[in-house]
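Heads up, there are several structures right after this.
Shared between the two complexes below is chain A, which has chain B as its partner in the first and chain C in the second.
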Partner chain A sequence: MTRTVGSRLIGAAITLFIASVAVFVILRLLPADPARLILGPLASPAAIQHERAALGLDQPLYTQYATYLVGFAHGKWGFDYENGTPVLTEVVTRLPASLELGFYALLFATVGAVVAAVASVGARSHAVDRIFRSLAFVGLGSPPFWIGLMALVLFAEYLHWLPGPVGRLGVGIAPPPTTTHFYTWDALLHGRWGTFVDAFRHLLLPALTLGLAPFGYLFRLLRHSLMEVSDEDFLLVCQGKGLTRWQALLRHGVPTALLPALTALGLLVAQLVAGSVLVESVFDWPGVGQLVVNSVLAREYGVVQAFVILSAVAFVLMNMVVDALYVVVDPRLRRPATVSR
Partner chain B sequence: MIAADATPAVNPCTVAPPVLQVQNLTVAYGHGPGRVIAVRDVSLTIRAGERRGVVGESGSGKTSLARAIPGLLSRGGRVVAGRVLVASRDLRDLSPRANALLRRSAVSVIFQDPLNALDPVRSIRSQVSEAIRLRRPGARRQSRRRMRADVEALLEECEIRDAARVMGQYPHELSGGMRQRVAIAMAVAGDCTLIIADEPTTALDVATQAEILQMLRRVIADRSSAIMFITHNLAVVSQFCDTVSVMYAGRVVEEGPCAEVVRDPLHPYSQGLIAAIPSLTGPRQELVGIPGEPPLLSEPESGCRFEPRCRVGHGVAICREQVPGLDPLPGRSGLRHVRCHLVDRASVGRAPAPAREA
Partner chain C sequence: MWRRAGRFVAGRREATAGFAIVLVIAGFSWVGPLVWRVNPLSVSLLSSLLPPTSRHPFGTDEVGRDVLARVMSAGQLDILAALAITAVGGVIGMGIGLAAGLRGGVAENVSMRLIDALLAFPPLILALAISVALGAGTTSAALGITISTIPFYARLMRSEVLRVRALPFVEAAEASGGRPSRIVTRHILPHTWRVMAIQASSVVGYAVLTLAALGFVGLGVQVPTPEWGTMITSGLSYVLSGQWWIGVFPGALLLALVIGCNLVADGLGGDTPVSLLTGPRRAPTPE
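Our next item is the complex of A and B:
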């Protein structure tokens, strides 16, 4: 057990190291000179030289990397010159918006995928199966920003069912008091139903858009494992006990089929992070993803660097959580098999 | 003078009320030209307390029959004709829900492969208590403690040693024999009138097989359940069952009291099956197999399916052209049925059956 944990930790550390080195090196290889960017085109060469020294850019690359890493660990993530704030502050302010969006996207994707997979396998109907499979293909095959735009055109512009891309709340609606930083949860906690509905309506389209690709991925995975499980004898035995086919599928098939899907959670988080960058821009969602897009355009490398490293951390953490969960959920991994006779 | 208890014992297989009536059941898989008829026009009646063996080779339709009765055919299989009456109700008329309710109280099933018979992620206790809740009226509102005791008692009844510990275990921690005992415990959690056991011991080693058969026999006797025992092993049937149906290519070819059929098989196929059983006593004999292969069930039936392999009817015109009926044979115990045109000729040369033609 300790060995497994140890090897997982080492693996995580290696992943993080490679991610940080990669992003560091790539950003340093770009032609733009940060000192020039900060001081502007009219600065004198001497001033540039001075700024470069101040930024540590005259140091060798590995020294720069070490300095950066130590600083990152201490919360010195650099300065966001575009917004005039430290990167850390900027990211922390925007993180709740992204997390809330990601939470709902993951929720919709998971619930949707479970329902769709059960319907596809349980109904034994080609039509139902085909509909969900097409939806999954669309989700996996189309760029999320395009889906977001199309959804906006349809539901906001044309049908007027949902608000357009104006951020987390409508005009004139005050954010609820801060407890969890999630607007929907805070609104509910403080009993502001109007605010909750408004926040939820604003959240619905971006969350669905962001969740569509993970839905597609998860659905295909679940459908496959549920198909396999549904051919297993133990489901017949459960029906033999007196459950209907649906009861057996829901009570015994789904829990077993969900196990392989757990592995995918890490990948789903990666998909969500990647998707959020463009989806947030399309919906003007004040999250980290939007910040990253703006920073790339403004060549604010500090932000991009922090974002990549944070994503890598999220990915690694998620995978470790999944590994731990596996042992909790699957009795076959919980203890070594000692066969009773 | 003649009191009710002094009446001579009569065979329960002829007078007890039927618990299962299968009438002209036909089960098919697939559609169109590739359609396979796995069970063809099978009729059989099992009476209360009867132990019926169903014997046949792989692919003779016995498993399809076992699954069609409780309505648990696998994907692609369906009942295309005939009726299944359990407790005088036609299963095909029932909704899936009502069908499931009937499986709780009237028919329960034990499957062949104990390794896959249990949910891999639920504890034994959780699975057995689910069966108790479903099968025993009133058990739903039972306290946890009472349920625990019930599960333990049931497992002990099925000869699981150390039941208290096994309850907390998961299927992968149990051996095949233990898993089959758990599966049997779930099947007999209530007082089902009929238990269908589809090759319950085939996947187990011989010693375990004998133990489990003995246990199963005791457990069903305690509940006075009838059993339909499906196997390819005639030796097991002859030890375990009162009556036997021999299946070949989706049809019942011979039926009758087990002892009589084993001692004096009438259908050439049954004769072949019995000749293939090694005997532990008596002089050494070479085992005789049945030559040839079972027919392809996707091909249409014309004449007797066994004709190409039959030692009596091979090449005989009537056997090739007409499907024989499952006819009663008068003159014997009156309970025997054989599907053979040449049943009189088939018995010739087989001691100790009397040569009636001569």
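Our next item is the complex of A and C:
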């Protein structure tokens, strides 16, 4: 098992290395002149020269790559001129908002997908199945920013049930004391019910919007594996021993069906990262995704570069975690250390 | 012939419905402007932000351009770009996958490592990075999306080639002395088309969606050229003041088109869940 983990680690390291080369090629070599990209079309030739020297563009390529990699590893991600802060600081301050949103989106998507898949397979009703399958189709086919827009029109503008796009908290509500950086959790930890309700109301629409695509994906996966599991003999045995069909499905079918869904976790994280870029700016959510959109518009180059690398790291790490989780969840993958004692 | 067509359709209701949706939207985009002869670019500040009426069935936007005309013209651009992306990415990706599957060895290892590295980025983020580097515009956005689709094809093609190569009839063709090039074109490739067609139709949906997403972020198609994504962006600032029609119509068409493409992919693929382009990673098999 140590060997499997070791080879996985090496594989991930190689992938990350090539990915970092890819980022280097894409963002440093593809543009005709990165200095021009940073300084904008109005910069003077002298300033461009200076910036080129500062970026090390006059150095050989391998030196440039090494400098770039070492600098990134040391947290030198450049300066965000738009906000007047280093990129690292800006990303770190905004990360909790994105993580909180992503957490709830994943939670809603997972819970929703499990419930929908169980209902679809268990109820044996074409209508129920069709409703959830259509919802999954909408989730997979819809531009998240447009869904966010529709949700705002319906629930904020027309029905006035939920707040509009104003960020994480309403006006006049102070953020809770910082412990976990998640507003909802902090509010609960410190017993501020009003703040919790307000924070939750604010994240409900963005989280549901962000979770719609992962829901669609997860539902289809779960439905498929649950259908396969429901034909297995062991469920029949469970029923023979006195469980009802639903009890057997819920207690023994769902955990088995969840196993293949684990492999999708890395893909779901990728979906969430990409989705956050599109959803956060619709809801004025002060997270990393919104920062990226603003940076693209303001031609803030360092932010985009940092974000691209970080999302690759997150994706690769997530896939490694999934592989490790698999060994924990599936006993068949745990080979006995010694055969004879 | 009609009876055969009827049987084909009856067996693939989902795919046919999806194809019909795509056809209707394409017809709307190309035939529509012949009927509705309004310039999608003509500005008229006096008639800005008008709600949908018979003069402007989809209303007008913030500078008085007719939303219906713009939606139709955007449809042409989006569909054409998506088809081009799908075709170019498909040819390159399938080429890489075919080469890797046939040659094996170092070439396979290197190319598949590169493909893995591209897959390490969420596809939208990869497309975003490339179009940031190349500068905002339709071409660079399309190029970025094209590159982000290459891995989808390459991995699938490689595994398909490996699968088909192991089948007995390929062995038979080899044993009876068929030329390698003929074996590839006559025996291996035809057996990959179905899977590749499924992949291509879901890539069309992905391409439309990503092009709109890049437009939404401000990287893709630039104003004043109408494109669904950028139209949704400009609708965003008017939604909360009650002018919902600017963003709603382009998004609805976009949604319908992507669902149509996914239905086609799904219907052709049978009951297996569409592997959302890259497909779920294979679960490690118990030893």
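As a working rule, the second predicted complex is superposed on the first by the 317 of 341 C-alpha atoms of A that agree within 3 Å, B and C clash if a C-alpha of one lies under 4 Å from a C-alpha of the other, contacts with A are read in each partner's own complex, and residues count from 1 in each chain.
By definition in this document, a contact is a pair of C-beta atoms (placed from the backbone, for glycine too) under 8 Å apart; a residue touches a chain by one contact, two chains touch by 3 or more.
Since this is a predicted model, take the numbers as computed values, not measurements.
A.B. asks: Return first, second, both or neither, reflecting whether A:V282 touches chain B, chain C, both chains, or no partner chain.
C.D. replies: Second partner only.
A.B. asks: Figure out whether A:S120 sits in contact with chain B (first) or chain C (second), or with both, or with neither.
C.D. replies: Touch partners of A:S120: none, neither chain B nor chain C.
A.B. asks: By the touch definition at the top of the document, which applies to A:D330: first (chain B), second (chain C), both, or neither?
C.D. replies: both
A.B. asks: Looking at A:G242 after the superposition, I want to know if it touches chain B, chain C, both of them or none. Which is it: first, second, both, neither?
C.D. replies: A:G242 sits against chain B, while chain C stays out of touch.
A.B. asks: In the superposed arrangement, which partner chain does A:T184 touch: chain B (first), chain C (second), both, or neither?
C.D. replies: Neither partner.
A.B. asks: Looking at the overlay, what does A:P255 touch: chain B (first), chain C (second), both, or neither?
C.D. replies: So A:P255 only meets chain B here.
A.B. asks: Just checking: does A:T195 make contact with chain B only, chain C only, both, or neither of them? Give me first, second, both or neither.
C.D. replies: A:T195 sits against neither chain B nor chain C.
A.B. asks: For A:L152 in the superposed arrangement: first (chain B), second (chain C), both or neither?
C.D. replies: second
A.B. asks: Which chain, chain B or chain C, ends up touching more residues of chain A in the combined arrangement?
C.D. replies: Of chain B and chain C, more residues of chain A lie in contact with C.
A.B. asks: Please work out whether A:D233 is in contact with chain B alone, chain C alone, both, or neither, and reply first, second, both or neither.
C.D. replies: In the superposition, A:D233 touches chain B alone.
A.B. asks: Under the contact definition given at the top, report the residues of chain A touching chain B in one complex and chain C in the other.
C.D. replies: 259, 330, 332
A.B. asks: Help me check something: in the complex, which residues belonging to chain A touch chain B?
C.D. replies: 124, 231-234, 236-247, 252, 255-256, 259, 329-332, 337-341
A.B. asks: Would you pull the chain A residues touching chain C in the complex into a rising list?
C.D. replies: 14-16, 18-19, 21-23, 26-27, 30-31, 37, 137-138, 140-143, 145-146, 149-150, 152-153, 156-157, 164-165, 217, 220-221, 223-224, 259-260, 262-264, 266-267, 270-271, 273-274, 277-278, 282, 292-293, 296-297, 301, 304-305, 307-308, 311-312, 315-316, 319, 322-323, 326, 330, 332-333, 335
A.B. asks: Could you please specify the touching residues of chain B with respect to chain A in the complex?
C.D. replies: 67, 70, 72, 74-75, 96-97, 99-101, 103-105, 108-109, 111-113, 116-123, 130-131, 134-135, 162, 165-166, 169-170, 172-175, 177-178, 183, 186-187, 189
A.B. asks: Show me the residue ranges of chain C that touch chain A in the complex, using the header's touch definition.
C.D. replies: 113-114, 116-118, 120-126, 128-130, 132-135, 205, 209, 212-213, 216-219, 229, 232-233, 235-236, 239-240, 242, 244, 247-248, 251, 254-255, 258-259, 261-263, 271-274, 276, 278, 280-284, 286-287
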